[in-house]
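Please go over the structures that come below.
Below, subunit A partners subunit B and then partners subunit C, in two separate complexes.
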Partner chain A sequence: MKNFIANTKVRGLALAAIAVFLIVAPLVSSPFMNYQLSLVAVYAVAILGLNIVMGYAGQVSLGQSAFLGLGAYVAAYGILNDWPIVLVFVLSCLIPALVGMLVALFAVRLRGIALAMVTISLPIIGVPLAKRFSEFTGGSQGTTVSWLDAPDWSGLASDQWRYYIVFAIAVVLFIFGRNLTKGRIGRAFGIVRTNEAVAMSMGISSYRYKVLAFTVASMFGGAAGFLYIGIVQYTSPETMSFHNSINMVVAMVIGGSASIIGTVLGAAYFVFLPAISGQIDPTQTALISGVVLLVILFLLPHGLVSLPRRLIQLIARARQKLNRAENAGPEDAGPAQNETGPVSAHTTTDVSESHPESPSKNT
Partner chain B sequence: MVWGPALGMKQLHASGAPKEGQMRLSQRGRSRTAVGAAELTLKNVNLTFGGITVLEEVSLHVEAGQIFGLVGPNGAGKTSLFNCISGHYVPSSGSILLGDVETLGLAGDRLSLMGLARTFQHPALQLRLTVLENVVLGAHSSLPGGPLAWALRLPFTVRAERAAREEARALLERFGLGSVADSPADELSPGLHKTIELCRALISHPRVLLLDEPAAGLSHAEVEAFIASIGQVRADFDLTIVIVEHHMGLISAVTDRVLVLNNGRTLMEGTASEAQSDPRVVEAYLGREEPTDESA
Partner chain C sequence: MAYFIQLIVEGLATGSIYGALALAIVLVNRSTGMINFAQGAMAVLATFVAYALTESGTPLLVAIVVAFVFAFLSGAVVERVIVRKFEGGDPDTAVVVTIGLLTLFTGIAAAFFGYEPHPFPSLFPAESIDILGVFISLRSLGTIIVLLLVMVLLQSLFRVTKMGLAMRAVADNPQSASLSGLPVSRLLMIGWGLAAGLGSIAGVLVAPQLFISPSMLDFALVYALAAAILGGLDSPFGAVIAAWTIGIVENLAGAYVSFIGDDLKIAVPFIMVMIVLAVRPQGLFGRKVVVRV
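So, the complex of A and B:
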């Protein structure tokens, strides 16, 4: 079963199936559904950034929404002033990246709660700043842009067109993110997270890699802000607000820390859970969300991405129990319901499944 | 900020499986020019934490290619001295020369590039990653390219990564761990974790290898195997080795010379057998004989 999942052919097929689904989905679903799916892509990019700094490099960041908001403002401003769209995109990435780097140059000398406090201050400062500079941001009312309509030759509705644009950009960014979290840089992030003394011996400057992680995270946040403007066509200081940051952290943990697939699952959770719980009972949205959050965290502490592994583990355990009951023989009577001792030597479970905790590296 | 070595250098030796005795850095063409075992010289190293003097005027000289032991009773300052050499502690004064390069004052993460590698007393592996991934981490300094190159997966990074992985696999095979290279590190015994750490240190092609209590936590048989193999490792990889160790059997079996520390000072320097017969060393370990014993 584990081999089945690890099999590259199976992976390839799964990827192809997902790709087909993503391409066909907007053609057959409602504009609202397309809007929601596009939002998943937008937040997936933002949460990917968060995951790089928090999940991979292990540095607490509670300020991701500030970079999302900053990217969105830069994008809106550029579009309203008719700057070339490529320039707008580049600036939406670079300006937040620069801000993130400047903050990180000082902040990463701190760790744990102190670092969390510094990053928490970004959205807290960002919201009133956005209100203050109303000639750039539109103040409390926010900024509305109207762009990214489907060109006539495409034969698509605007929601479909936007969906494809946003998904294409998100997929490219995800490929970059995935590459970055593997190989030389990814390994460096990992050892900076787990052991800075070892990192130093390997020739890795923890300081530099923390700054790098923050910079990349803010860049992804800014890129997500650009995509946000593409889909939502509106931004306000609310986009930056602190609870947005916290919700992204929650989504990252729910999806799976230090996992690319987990990032996508987290983004889906982020977008769809409020919508679904709103449909169940509009007056109890927060309560339902909270319950779902707790249930997932209790059952899958490593996030939604660990669901297959968790299932394999449960199946292996059930099989072991079954085997034990069979081998106990008839004179022992009764199923082995109270047997709590170590696994007896004659259990015949496959070795690969008797280490259900053995983690495979998530991608 | 320098993220990695300059681009466009020659790649890791592409053959992958290095032959024994030829595992040199020469083909790596990094900013590192010097290769092969290096001398290590410490002059008047002092280390203080707050008002407490941990090391006082410690000097030592390790010839290139020697296996050198740091010994002494608990709290003598062995590990502190070791951490000064590896850059984890910064001495308050003195001089530490690796070959003829002064390393004192360099950032700790630069020492890997200078040809220094170390293991840790408690193997600090990433247990969730595979054995191979853990070893490849050691190649960080010798892999080319910065974050942008790796994010774009430029061809030279792909080639370098493949070469590093092949080299890591060859190293693991050299130490009998080839079959578990793709297993998660936490499925292996603590004894094997030490071997993985050794591979992780060796893949950086060090000139000086620091081993922090290599026998701690090993079984008797594993210690014997370590003693039997360390000389060959030194020869194959062309290393100078410095060992901190409590296990006196190991120290006398493998070291060319030792430095005995007591209370942060040099007690004596010489061969292991000289150290063991030196009355000052015996006294430091066992305490002074009581006058009453003499009279009895």
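So, the complex of A and C:
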């Protein structure tokens, strides 16, 4: 079963199937559904940034919404002033990245709670600042931008056109993020997360890599802000609010930290949970979200992405138990046998299963 | 001058509310080494219990006592049932667990009472007294006095009673505490319970002013965290001093620095925290933690 999933051919087929689904989906579903799917792509990019700094590099960040909001404001301002679109995109990535780097230069000397504190103050300071500089941001009312309408030659509706643009950019960013985390830098992040002393002894400056992780995370946040303006066409100080940050952290953990697929699952959760629970009863959204998060933390500490692996594990364990029960049979029902039997079986299964249980988060 | 003093007293009063929550955060941190982001949300739920009781005609003081007991029990249960599994584990996971609790408790309050703010009766009369030309509201004065009382009680609990000594021992070294026969599990539950009780006091004090709603204490919590970190996470005294400083500085900066004004004054304490942490990462009154590799 495990080999079946690891098989590259199967994986290639699955990727192709997903790609076909993503290309066909906007043509057959409603504009609202396309809007929701595009939002998933937007938040997937933001949560990918969060995952790079928090999941891969192990530094708590509760400030991602500030970078999302900043990127959205830069994008909105650039578009309203008719700047070239490529320049707008580059700026809405670079300006948040620069801000993130400046904050990180001093913040990463702190760890754990103090770092959480500094990062949570970014959205808290950002919201009144955005209201204050109303000539750039439109104050509390926010700014509306109408752009990115489908050109005539495409024959698409605007929601479909925006969906394709946003997905194309998101896919490119995801490939970038995946290569970053799988390569040399990703390995350096991993060692900085697990043991800084070891990182130092290998000649890896944990300071530099933490700053790098924050910078990349803010850049992804800014890029997500640009995409947000593409889909929502509107931003206000509310986009920055720290509830948004906290919900993104929750979504990231539910999806699976230090995992690219987990990031996408988290983004889907982030967008669809309020939509689904809103249909039942909007006042219950927070309750459901809290229960889901705690259940996941108890049962699936590695997030939704580890669900198949965990199920396989549980099935294997159950099967082993069943086999043992059959083998033990009625003939050797002696008390001594019964006492040692299950105990040894338990320890052996645990040892054999600790290997696939990836090295992540075992610190 | 009178206006200046009034600003300081108001600042002390808001600072006292942050202080009560900050004390709760320090208490949890000292007993279990965690930061409870749900401290505010748990306090709000307890305050809602008091609200429901006063709505059904119970006297306010009785309602507040019931809310305190409710908070104590809920804190102890949360520690035993949910938090216990994550103690001493990965600190990042611990942060996420308490964020989950924050969402959960906000959700419970919202499911029962909705998101609209409700008025809440005040313990203190809405009058001001005139002391040498300075008008000071009884509510501010009362809030400050309650916090002082709480601080003295807490300090004497830890310094004078046997249970306080045991709790300090558990915070210092759970293994040896357990080897010397202390009921570590029960003491941890009491620590969380007391913290939640403290939170409920902050909730009841602030509810008349802010009106009660599930997200009432979200900002107060962030201020309290700032105070706890500024004061050093292991120092209750430092936390209260820091909370007062935050309250006063915020009020003065909002009133006298025209660029800051009423809208940006929220940024002041956080910039303060950033500067202090850049210079002294362990906080103003905290002890430096040395890690042996």
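What we mean here is this: the second predicted complex is superposed on the first by the 327 of 363 C-alpha atoms of A that agree within 3 Å, B and C clash if a C-alpha of one lies under 4 Å from a C-alpha of the other, contacts with A are read in each partner's own complex, and residues count from 1 in each chain.
Keep in mind that, in the parts below, a residue touches a chain if its C-beta (ideal position, glycine included) is under 8 Å from a C-beta of that chain, and two chains touch if they have at least 3 such contacts.
What you are looking at is a predicted structure, and each value in this text was computed from that prediction instead of being measured.
Clash-free side-by-side placement of subunit B and subunit C is the outcome of superposition onto subunit A.
Touching more residues of subunit A than its counterpart among subunit B and subunit C is C. By the touch criterion stated above, A:Met33 is placed in contact with neither subunit B nor subunit C.
In the superposition on chain A, A:Leu22 contacts neither subunit B nor subunit C.
Within the superposed three-chain model, A:Leu294 lies in touch with subunit C and out of touch with subunit B [touch as defined at top]. Of the two partner chains placed by superposition, A:Val90 touches none, neither subunit B nor subunit C.
Legend: residue contacts after superposition of the two complexes on their common chain; A:Arg187 is shown touching subunit B, with no touch to subunit C.
Seen from the CA centre of subunit A, subunit B and subunit C lie at an angle of 90° in the overlaid model, rounded to the nearest 10.
Judged by the touch definition given at the top, the superposed model places A:Ser121 against subunit C, while subunit B stays out of reach. With both structures placed on the common chain, the touch criterion links A:Ile276 to neither subunit B nor subunit C. In the superposition on chain A, contact is made by A:Ala197 with both subunit B and subunit C. The gap separating subunit B from subunit C at its narrowest, counted between C-alpha atoms of the superposed chains, is 10 angstrom. The intersection of subunit A residues touching subunit B with those touching subunit C, taken from the two complexes, comprises 197, 361. On the subunit B side of its complex with subunit A, the touching residues are 1, 3-4, 86-88, 107-113, 117-118, 120, 124, 126, 128-130, 133, 136-138, 140-141, 143, 145, 147, 150-153, 157, 161, 184, 186-187, 200-201, 204. Those residues of subunit A that touch subunit B in the shared complex are 176-177, 179-180, 183-185, 187-188, 190-191, 194-195, 197-206, 208, 212, 216, 355, 358-361.
In the complex of the two chains, the subunit C residues touching subunit A come out as 35, 82, 85-86, 90-93, 95-97, 99-108, 110-111, 114-115, 214, 218-219, 222, 225-226, 229, 233, 263-264, 266-267, 270-271, 273-274, 277-278, 281, 293.
Listing the residues of subunit A that touch subunit C in their complex gives 54, 58, 60, 106-107, 109-110, 112-114, 116-118, 120-121, 124-125, 128-129, 131-132, 197, 242-243, 246, 249-250, 253, 283-291, 293-294, 297-298, 301, 361, 363.
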